[in-house]
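For reference, chains read A, B, C, D and E in written order, and residue numbers begin at 1 within each chain.
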Amino acid sequence: MNTPEPLLSVRDLSFRFAGMEKNVVEDFGFDLAPNETLCIVGESGCGKSVTALSMMGLLPSDVTNIRSGQITFEGSTFSADDTGRLAELRGDRISMIFQEPMTSLNPAFRIGDQIAEAVQCHRNCSKDEALDLALQMLRKVGIPAAEQRLKEYPHQLSGGMRQRVMIAMALVNDPAVLIADEPTTALDVTIQAQILDLIADLQRETGMATIMITHDLGVVAEIATKIAVMYAGHIVEFGTAKDIFEDPQHPYTIGLMSSVPRLTGPRERLSTVPGLVPTIATMPDGCRFASRCPFAQPVCNTRPPLTDLTAGHGVACHFAPLEDKLEQCA
Amino acid sequence: MTQTILKADNLVRHFNVGGGFLRKGATVRAVDGVSLDVKRGETFAIVGESGCGKSTLARLLMRLLSPTSGAVEFDGTDISGTSGKALADLRRDMQFVFQDPFSSLNPRMTVGKLIGEPLETHAPDMDSAARRQKVAELLNLVGLRPEHANRYPHEFSGGQRQRIGIARALASGPKLIIGDEPVSALDVSVQAQVINLLQDLKDELGLTLVIIAHDLAVIRHMSDRVAVMYLGQIVESGPAEVVFDSPKHPYTMALLSAIPEPVHAKPANRMPLTGETPSPANPPSGCRFHTRCPFARSDCETRAPQLEQADGQQVACHYWAEIAADRQNETRQAAPAPSANVQRRFDLYRAATRQEEAAVNTAP
Amino acid sequence: MLSFILRRILIAIPTILLISVFVFGMQKLLPGDPVLAMAGEERDPEVIEYLREKYRLNDPIPVQYVNWMGGVLQGDLGISLRTNQPVTELIAQKLPVTIQLAIMAMIFALVIGIPAGILSAVKKGTPIDYVANVVALSGLSIPNFWLGIMLILLVSVKWQLLPASGYVPFGEDPLLSIKVMLMPAFVLGTALAATLMRHTRSAMLGVLKSDYVRTARAKGLKERVVILKHALRNALTPIVTLSALLFGELIAGAVLTEQIFTIPGFGKLVVDAVFNRDYAVVQGIVLCTGVGFIVMNLLADAAYFILNPRLRKQ
Amino acid sequence: QDLRIALQSDADVLDPDQSRTFVGRIVYTALCDKLVDITPDLEIIPQLATEWSWSDDGTQLTMKLREGVTFHDGTPFNAEAVAANIERSQTLEESRRKSELASVTGTEVLGEYEIRLDLASADATLLAQLADRAGMMISPTAAEEAGADFGLNPVCSGPFQFEDRIAQDRITLTKYADYWNADEIHFDSVTYLPIPDTTVRLANLQSGDIDMLERLAATDLAQAEGDDSINVSSAVSLGYQGVTFNVNNGEKGDNPWGNDKRLRQAFSYAIDRNALNQVVFEGAFAAGNQPFPPNSPWYDAGHPVPERDLEKAKALLAEAGYADGIDLEVQVPNTTVPMQLMQVVQAMVAEAGINLTITSKEFATLLADQSAGDYTASQIGWSGRVDPDGNIHQFVTTDGGINDSKFSSEEVDALLDDARASNDTAARKTAYDAARDILIDESPLVYLYHQTWIWALDSSIEGFTPYPDGMIRLEGVTKSE
Amino acid sequence: MADATATDPVLSAKPENRVWKKFRSHRSAMLGGILVSFFVLIALLAPILPIPDPAATDWGAVRKAPTAAHPMGTDEIGRDVMARLIWGAQASLLAGVVSVLIAVFVGVPLGIIAGYFGGWSDAVISRCTEALLAAPFLILAIALAAFLGPSLTNAMIAIGLSATPIFIRLTRGQVIAVKTEDYVDSARAIGLPTHKILRRYILPNVFPPVLVQATLTIATAIIAEASLSFLGLGQQPPAPSWGSMLNTAKNFLNQAPWMAMWPGIAIFLVVLGFNLLGDGLRDALDPREQ
């Protein structure tokens, strides 16, 4: 597979919360080329949102503590805790859709103004032009009666509409990289499809790269070029959509995929990943999934590195490739 | 004991919006004449477009909002007028999971307190040790750790908070839970846990569920009956399997066709919905869906359809029969099953898990 | 809007009645005899009796109240027992003075207090925060008279920069008028500035943690805009309530400052009137401040509406 | 040229007949001429009346009036005007001057510029009254017109006429061009500014915002004297400050302090009046034990200001049965000086075994309680009158209007009534001395000190003469540029 | 899933401890605590400290600048300023703290009721607040002095009452904002009785500005005590309080600046102490604060 020049790459990103001894997210990294879509999936609470925030330089500095990491964006490399650099980029070159649609909009301002403001702070244009752009954007994300909504306040919108406003706000400046944290969770499937199409269109038009955090494997299957599966702050498996969907290797990936309810066929009891994620404080030093892994062996007390199984398909498991190793064990 | 546990009769809720000091605002018809009844022990699902009034309906059913008109009956008693103590008591039997896990938890209370609170309210005799114990159990049940009881909501991820909300709703041992997208923020494995949990509770305790969700796979998996809403009204309802297998209303069809499947390289064959979603402040005349309906005819613009019986389901469309006839051969394609390779791994994994569980259960 | 205002006016009527009854009753219960205070050193019993009759002080209190109220309805607030001036005239004379003082003090307070509060919230835990807090709290702890006298001694006596005291009507010579009021307004404003600063700081600290501030940052807005627009706007609710209240307190609290700088304002009028048991004056003033408070509250409520769109529904 | 004078407080109504404040009188000095005036030595001298004579029995006072005098509104001043003024003082319902002119039964206009006052009985105090508000002449036309509202726009015949007043801010008077003694007046206008705070008053003088001030705080004296640009003048006042005991005023009079004069004597002995003066007033005031200051001709030298005598005080207490001490509650006006004063007294009498508690009250309350007899002891004073009678008669005679102590002694009543009726200074003095013997023994009022009026003036002001009545007379006062 | 039920020490680690721990590690709060305790200690220990009698006058040493014998100088009638400062601590602290407590305990509940329930209760409470606001403090104080008699307690009541309206209004405003939050709905949804909603959901979320106002009002209250004692309502002479010391000092700012300086500094430090404590408490109670 020929890899195009990456637009954004992240290396060795680790950070922790103040007062904790272990990193919440450890050795996180990926390369992302224009037009590509990286989907991050994983256990809820595994650190997807905080990772996204760290790439925006928006982690609250008093509670989080970046231990290491470099970011390369459009050819220049800087340290992950260089919030100044990130601040220059955000909103313009890199923008983000937050997971919390309800609280992420300022209750005191009309949504039109909030979007227009994002335009105006990066472009030299009049308020009217900005509002106009905002209106177009609201239409694009499928908000009904967009002219009127433009003048409304966040509390007057339903959850899904707020989410779309957030999306409009993030996309309005044609960013080079879009980080979307569960952007369609609050939306119905028709609108979800509309948004995904919109993002895809933009990607085609502008070469925007997207990092998408989502739990909906259907969405992942539809849009991902690359997938990172995270568990407890580690990337446990990384690969193309095909790799992950057709050749899942890590036990967590498998567990995850097998728990998806099906749209067809009999309604049987869903399979799950049993057990609980350890808290950060009690997190084992070895494989973080070991305590819940049905295949766990003593060797799992050491941390398995993310090693490439095939080019671009990495798995952090002592037992990959799965069948071979399992058979060996058996 | 009646069959019906929750009944809504022509519920209407309007909001006045946009009125500044001087301007006269518009009226949003968030819920505009919804009738439904939920049977004891069933799972009733409500799906629909964002902003079509699902959350508002749920709040009306919970009496968190009072209806502009119409009535809600719970367990045979009209609760539209109850207040104070009676209402509080009612809430032991009737619980709500909020849509937004971020704003619906008091930021200044620990998770333990938040979950312990319904217990304290509805089981005041319980001593505090027992309560802590119960909270720990509840946390466990939703896949969180008992240690988490001492943390505050902001220290949790979205999915974790949503689980806190679910634990909270389960705490008082309600007969009915109304969940406003209760599993939307959960990853699929936890989602599976929660769905299984709800299923178990339903089976063991006869819990009734009203679920609002966007994830149709979840709906299909969980629910006995489904109602599809569009712009404040129910356009189709019926047993889940029937609705999923042979949708009668064009909107339902569009909805179902838009579901992304978690399988690689499956071409999407969506039924396109054209046009903008109309505003609930100014709903289209006649059939509210006519502006976007691919099958719309001229009289749809003027004549508002009523819900009518149609092969075991109810549809609000004048031409459902004809459309159904048209689409006879276009039955839903079964999603391709996972490849054999993947399926084998799933089986392997399940087997290993079962083994593991058995081991844990037999351990002293 | 109109109906809102009308409703508020309707509500205001019982409020004012309540206030006037309350104060009237209170006053009449006070020890000390207005006539005795008026009679002078000699306290001629004949004069005392005459004055009692003249001002109808022998009537039962409810009758006195009704009489007074009857006058009020005809726009007559009675006359000052002390100077024989009509109360309306007195109020018309003093009110602009105090309002000017209060406005200038308020401006001082807002101009100093809010930026300082924002700064110390943004720089929480840094030396700037500590300094701002210490300065604010000392502003609060330094009694007005001390600050006032020190300023007079320094600015007027030593440097001869500003007049030591007195008052020039704004209409007469606006510049001089403002100059004369500078020191008193500053003195009056310090404590207020401190209060505003502390409240702003606290409210900002809360708001700075919210998600929408993060959103604003994510848009790439300058930190300044994030703070001054997005955060401040939401932090303003308690500050607005407070400002409205404080403005009212300013008028009442200007006494000491007016005393020191010899400003013929409301505050001094009230105090003298109370000490001399000049009932009509007290009553008139209270009526006036009552209306003032109602107006301030109205403004504060209107500000709520503007600041918090969530309240605007229905 | 404008002269700016800072007063300690704002004047009340500017109607001499209704007025009751001390500062009001200061303003009248410039605004209203009186029939007679006083010298700094308290001798009565002509002002609007050029000469006068008493009938032999002292019941008729004939006065010749100054000619060519007009009121500020142009109304000529003449005997009719005097008659009208006296009638107004006596009959205006609001008049506070009634008691001062109580002895006058009628007037007789003898000519354009001659008038006779008829008295019920001899009244030695009358001339002194006419040297004050009772003798101030206001324009009869204006008075007729304005009635009781005269004070809003007073019209007199003094060197300055009323211009403008903003309550609590200023009273402005402008020079009256047709004043009979206009040559002596060197200012075009005079502005009175009430500045209550003593420190601020001084600061205003130092910053040049005012030209002079009255009642400089004794504690600021040293500072003012040290300042080259400020001159200080002073005069011991006619008034006094002391403690009034409730001897017989209502139920509360029935207490050890009211019943046993030994206690009151002990109280007086326990106080070191000179130390008091030193501590509170830096020695600038005058210690006192009588209603007249020691420098007054009426002072009874037979009872000099006593030295403090703790032993005697203790002995008296023991004699009265309070060897182990006794409580005393004193009500005090809630202003700085009285509070400070009483705290010093408190400390002094404590050494004798008197446990003094101070109750501070704002003045209106204090006055009401005092006249109602709801007190044991009260710290209060008197601003003083030119005639000795004004400082003593109403306070200790049985029917005295301000006898809040309700002290009553037939002997004292007789002596003071006699003194009032006589025009013979020596005879009056004897009577007052005789009354003093009793009063000092009974001590219903314990006198503590006499205030000294202190004026501070800009050094450019010349020709100012301090008077013991505390007034500011502007004749001859000049300001150099 | 079976493992975690039978637990464990973590469960008993009460969140209260966390608040306390956070509070303890808050540096400026600790400084505030030290300041306040210092003055409280002084106030309590006044009788046994080796200082002169605060009422003992010395005619020979009136308004003397600080010396070894009188480290803070003497006052206008020759009393030791330091002794008076120490003895005055009690009255001033009481006046400051108790009157603020009165205002808070009366004002906050009323504000909550007015804000949360709206309608009639709001109308009645708001109207009364306005009436109270419009009534001059002086009248209230003189009337109370006359009817309740002169005591520190009554002074505290008077100050407390006059400070109450501000707390009512402040709380009301906050409540109106907070009650629109989703989490309040969530409390209603679980059927929490109203009084608990008010206590657990509304109160903690309206508390920060109230706390700030309370710590600020302490300063005003300490100073107000002095004006009341002049009206015969507070501490009566010769018993000292900082406020009345300041009040007297006013007349001697030129000649004896130290008379105003020491009580001024004392008030400042106490107020600073309480404010720092307040900040600390606020931070400790705010879970989002590290």
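Here is the rule we use: contacts are C-beta pairs under 8 Å (C-beta built on N, C-alpha and C of every residue); 3 or more make two chains touch, one makes a residue touch a chain.
Since this is a predicted model, take the numbers as computed values, not measurements.
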{"item": "Partner chains shared by chain C and chain D (touch criterion as defined above)", "value": "E"}
{"item": "Chain pair whose interface holds the most contacting C-beta pairs", "value": "A-B"}
{"item": "Length of the line joining the C-alpha centres of chain A and chain B, rounded to whole Å", "value": "25"}
{"item": "Chain centre separation in whole Å, for chain D relative to chain A (CA means)", "value": "91"}
{"item": "Chain centre separation in whole Å, for chain C relative to chain A (CA means)", "value": "54"}
{"item": "Distance between the centres, which are taken as Cα means, of chain E and chain D, whole angstrom", "value": "46"}
{"item": "Where chain B touches two or more other chains at once, by residue number", "value": "15, 17, 100, 102-103, 140, 143, 145, 147"}
{"item": "Multi-partner residues of chain E (at least 2 other chains)", "value": "1, 4, 142, 146, 180, 182, 250, 253-254, 286, 288"}
{"item": "For chain C, residues that touch 2 or more chains besides their own", "value": "30-32, 145, 149, 153, 209, 211, 308, 310, 312-313"}
{"item": "Chain C residues within the chain E interface of the complex", "value": "11, 14-15, 18-19, 22-23, 26-27, 29-32, 130, 133-134, 137-138, 140-143, 145-146, 149-150, 153, 191, 194-195, 198-199, 201-203, 205-206, 209, 237-238, 240-242, 244-245, 248-249, 252, 270-271, 274, 282, 285-286, 289-290, 292-294, 297, 300, 304, 308, 310-311"}
{"item": "Touching residues on chain D, where the partner in the complex is chain E", "value": "197-199, 217, 219-220, 222-223, 272, 275, 278-280, 334, 336, 339-340, 342-344, 346-347, 357-362, 365"}
{"item": "Partner chain B, residues of chain E touching it in the complex", "value": "1-5, 7-8, 10-15, 18, 181-183, 185-194, 196, 200-201, 204-205, 285-288"}
{"item": "Interfacial residue positions of chain B with respect to chain A in the complex", "value": "15, 17-18, 26, 28, 47-51, 55, 99-100, 102-103, 140, 143-145, 147-148, 156-160, 162-163, 181, 184-193, 195-196, 199, 214-218, 220-222, 244, 254-255, 258-266, 268, 270, 273, 276-282, 332, 334-335, 338-339, 341-342, 344-346, 348-350, 352-353, 355-357"}
{"item": "In the complex with chain C, residue positions of chain A that touch it", "value": "56, 58, 60, 87-92, 95-96, 98, 100, 103-109, 117-118, 121-122, 153, 155-156, 166, 169-170"}
